[in-house]
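Both complexes shown next keep chain A, but they swap its partner, so chain B is in the first and chain C is in the second.
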Partner chain A sequence: MRKYFAEFRACWNLVIEYRLQVFIWILTIVLPLIMLAVWLSIAEGGPVAGYDRTRFIAYYLAALIVRNMTGMWFIWEMDSDMRLGNLSFRLLKPMNPIVHYMAIATSSRPIRLLILIPMAIVAVSWVPGLNWATDPLSLLLFVLSLVGAWSILFLMQYTIGLTAFWITRPLSVNDAWFFLYSLTSGYLMPLDLFPPAIRVVLDYLPFRYTMSFPVAILTNRVEGLAILQGIAMQWIWVLAIYGVYRLVWKRGLRRYSAVGA
Partner chain B sequence: MTPQIVVRNLSKFYEVHQKEPGFAGSLRAFFRRKYETVRAVEDVSFEIREGEIVGFLGPNGAGKTTTLKVLSGLLHPTSGEISVCGFRSFDRHSAFLRQITLVMGQKNQLIWDLPASESFLVNRAIYEISHGDYLAVMKELTDLLDLGGVLNKQVRKLSLGERMKCELAAALLHRPKILFLDEPTIGLDVTMQARVRDFLLEYNRRHGSTILLTSHYMADVVALCKRVLVIDHGKLVYDGDLDALIERIAPVKYIRIVTPRPMQASEFSQFGEVRSIEGPKTMLAVPREQTSAVAARLFQAFPIEDVTIEDPEVEEIIGRIFTEKLLSR
Partner chain C sequence: MRRHLRILYIYYRASLLGQLEYRANFGTSFVLSLLWPCWILSLLSVFFYHTSNLGGWSFYEAMLVLGMYDIFIGVQETILAPNLQQVTEHIQKGTLDFVLLKPANGQFLATITSCNLPRLFDVATGFGLVVYGLYRLGHIPSLMELAAFAVMLPAGMVIVYSVWLLTTSMAFWFVRIDNFGELFYALYETGRFPVTVYRPWLRLILTYIVPIAFLTTFPAATLLGKISPWFVVGSATVAGVLFYASHRFWNYAIRFYSSASS
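Here is the complex of A and B:
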């Protein structure tokens, strides 16, 4: 844990060093806003699958928050580390390299919160009929669901990054992954808008637990036991993906030490 | 006492795929790759005692870096046994990792956009160095490497020499017992190379750390290493004193004489091999053990204004090892 905090400290200093860039990162998460504009104009003619204009606003603003708290881009650093051989340095230290990337993937959150919390307060008090959860218990569950969502995404991204042991450009795998994520998590559009047959399939994928589920908590669309079930499902996915990561990591290391750093 | 590093019959082979040139070749390679085995290191054995400074010599691609990577635990040997501080290095046990360090002159571990001191703090936590130890090590390294004004500047703004000093410091915070150095002076100017060498000597003297280094600069090897391992095409062709190697490869010394009048090469035929002659200045190559006898005879044969006796440049000798395959078995 101390090692993580030391890494976090260094990454946080980098965030401060690149403060303008971080501001731009936050502003560039605009996909939810674009999608919102699209749906607002469609919903002018009446609600779509139960979504009226206010509900679209509530949904996409929540998606914006969830994406800001769970979006991560460390795979680019991982890619260059592995291609340029910096991984060798990390392997010769008494610390699993995953800790370093965990630090990168958390370091910008405090700054993001600094911008998101006032934004959320403004939204709740000024947008009529937003109907976001504001009681402490729901907010706590929302934060817990963000932790689960972050963990699922982090382990997936890290495991994809590790495929660099075998393939030259894991970033192209990541492109395919991002396509799947955007479509099936609820980031691009609410999953309720899919035909029921597809929704059944989506229930068996981990992606909905990284976006649709936290958004549902914040927008008051899921209650009681269903929330706890969702959080449990998140952790089942975390464990499953962790298992895959361990397997890939062990085999990858074996290959790395066989074919060269 | 058992040696700190024991390597027995170490071999490391790689499979690399061959790519044929041109588009058709790429297409063929896409569907069926041809593999070729590269024998990077083959049947190498040696032992190194604690506190030794040993240089690896060999042309590019000889297997020096591969050997260092196997010793430090990055590469798994194809066959053979290896023991470093009692550990099989490729297990990368954390108790093993705390005793070694690897510095690669061509790569950097410092965080590029932050001052080096930030990277040091990260290493301090990773190696779990206590506050007291950290202060003591930092004080020593700051003095020895003259890090004063350098630590709080962003790494990207440092000169190559300053950066190398910080790299060394970052690699030594945990007081490793063994230093693996791959080209630690590459790209540095002559003064800075000398500084790094002095530092390594002093560090070895103070802490008795073992140092294994590869370098293209013979001056590094001559200044630091009493013992050298010469590797060529993956095989160990020499293991022993640098001085003995020089005697074996170059059993001659050079006698330079200056005479009052210009000389002809034929006049020296009975004294030794004429290496150069420019008017009154002549350089002769003479077998080592006969040097003084030949010099005395020269004085009797000619009026001589000046004489100097010197060893051939080590650079030249090592170059000959590889171009003329002098040590190949």
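Here is the complex of A and C:
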């Protein structure tokens, strides 16, 4: 267990070193804000499908928090690790390389929380009619849903990174992945606003559980049993993607050692 | 001037030859350059599912703005982003000396000689969107409109270049600026939609402080004849002023370059 902590601490130190970078990353979550601006201009003529100004603001602020707690970019590092052969060193360490990337994908969260929590408190107390969940139970469930969302996204990105065993540019696959994620998770648009025919399809994809669902908990749009059901669905997806990851990892590793690393 | 063009030709040819080694990369760039317009068009369709105009622009008019956005992102990814990356690497490693020692303008060599040609596909799809939008609107731009557009487009490119030069120069103090690039993408994102969508204060910022409106909204409006000729003059002026300012800033910043040897 100590070696895991050491790995996490090492990544945490990296985060502290590049505080500025983290700050800028937070700023780059600008696209949803642009979407919000556009919706607000449309909502000036009256509510859009039940969304009025405050509901749009409540939605997108919540989406921002979820994105900050679940967004990750370690695939860039993974890509260069695999190309430059650093993976061989990681394989020599007495732990699965996945731990290293998990450490990268979690280490910046405490700093983000330091900024997000005050932001959330200001939002709840200053924006009238925000109607966010504030009771401890909902907040706990919200945190649980974030863990599920993080796990789905992490396993997806890690598995995509592993395709580097076969193809030269896993980052292009990641682009295609982002295409799907950003459209169908609720990161850029509340899923309620899509035409009904498309909404049906979205229900069968894992992406809504990485954004739309946690946002719904925080904005008080889902309650009781539906929350537990959602969290269960998250873990079903986590298990499914974990299965794919194990398969890709085993096959890929065999291939990697066959090439002679 | 001719000498510089020749140098540019040699550099670009070399990098094209280098990139031809990775043919799959061309393929994926091509596919992705078609993917992103689909992505943003689906977002736009969702907006128009609930409204009939976006800040006074119809669906196909807004498509022209998206096309302009793709053109600029394409130019930026083809020429500006690779150079930003290269210059910051040079500064980090102290190897900028080798660039500055070469017998040509240092700013020229450091900021436009490397390129990522596959991203020119984006420029092509951008023009495709513009043409398709015009076709669906049934609007054929008059000669005046085309002439104005011919001024606005290069002016926009000079503006983008100058803004990037300003950021690149920051690397002399901050060394790690990869993420400034990200920050600019974030601001550019606002250019995907007609600037009239945004609230007045944001509109002012996007016009006068970070001149994104000059890149996408105004050129598109020019083609549609929605804008007064004064914007053409304004655009050229902004481009000139920014270019001069960024050039001066680069020359100032380079004095703070601490190379590996000296």
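Following the convention adopted for this analysis, the second predicted complex is superposed on the first by the 259 of 261 C-alpha atoms of A that agree within 3 Å, B and C clash if a C-alpha of one lies under 4 Å from a C-alpha of the other, contacts with A are read in each partner's own complex, and residues count from 1 in each chain.
Just so we're on the same page, contacts are C-beta pairs under 8 Å (C-beta built on N, C-alpha and C of every residue); 3 or more make two chains touch, one makes a residue touch a chain.
Being a predicted model, the structure only gives us computed values, none of them experimental.
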Can A:T163 be said to touch chain B (first), chain C (second), both, or neither? neither
Which partner does A:M189 contact after superposing on A: first (chain B), second (chain C), both, neither? second
Give one of first, second, both or neither to describe whether A:L31 is in contact with chain B, with chain C, with both, or with none. second
Quick check for you: in the superposed arrangement, does A:K93 touch first (chain B), second (chain C), both or neither? first
Contact-wise, after the overlay, does A:A6 reach chain B, chain C, both or neither (first, second, both, neither)? first
Should A:N131 be classified as contacting the first partner (chain B), the second (chain C), both, or neither? neither
Going by the contact rule set out at the top, does A:D175 touch chain B (first), chain C (second), both, or neither? second
Pick one for A:N220: touches chain B only (first), chain C only (second), both, or neither. neither
Just chain B (first), just chain C (second), both, or neither: which does A:S41 touch? second
Which chain A residues lie in the overlap of the chain B contact set and the chain C contact set? 18
In the complex formed with chain B, which residues of chain A make contact? 2-3, 5-7, 9-10, 13-14, 17-18, 84-86, 88-89, 91-95, 254, 256-261
Along chain A, where are the residues that touch chain C in the complex? 18, 20-21, 24-25, 27-28, 30-31, 34-35, 37-42, 45, 48-49, 167-169, 172, 175-176, 179, 182-183, 188-189, 193-195
Residue ranges of chain C touching chain A (in the complex, touch as defined): 22, 24-25, 28, 31-32, 35-36, 39, 42-43, 46-47, 49-51, 54-55, 174, 176, 179-180, 182-183, 185-187, 189-190, 192-193, 197-199, 202
Please name which positions on chain B make contact with chain A in the complex. 14-15, 66, 69, 72-76, 90, 92, 94, 97-98, 100-102, 104, 107, 109, 111, 113-114, 118-119, 121-128
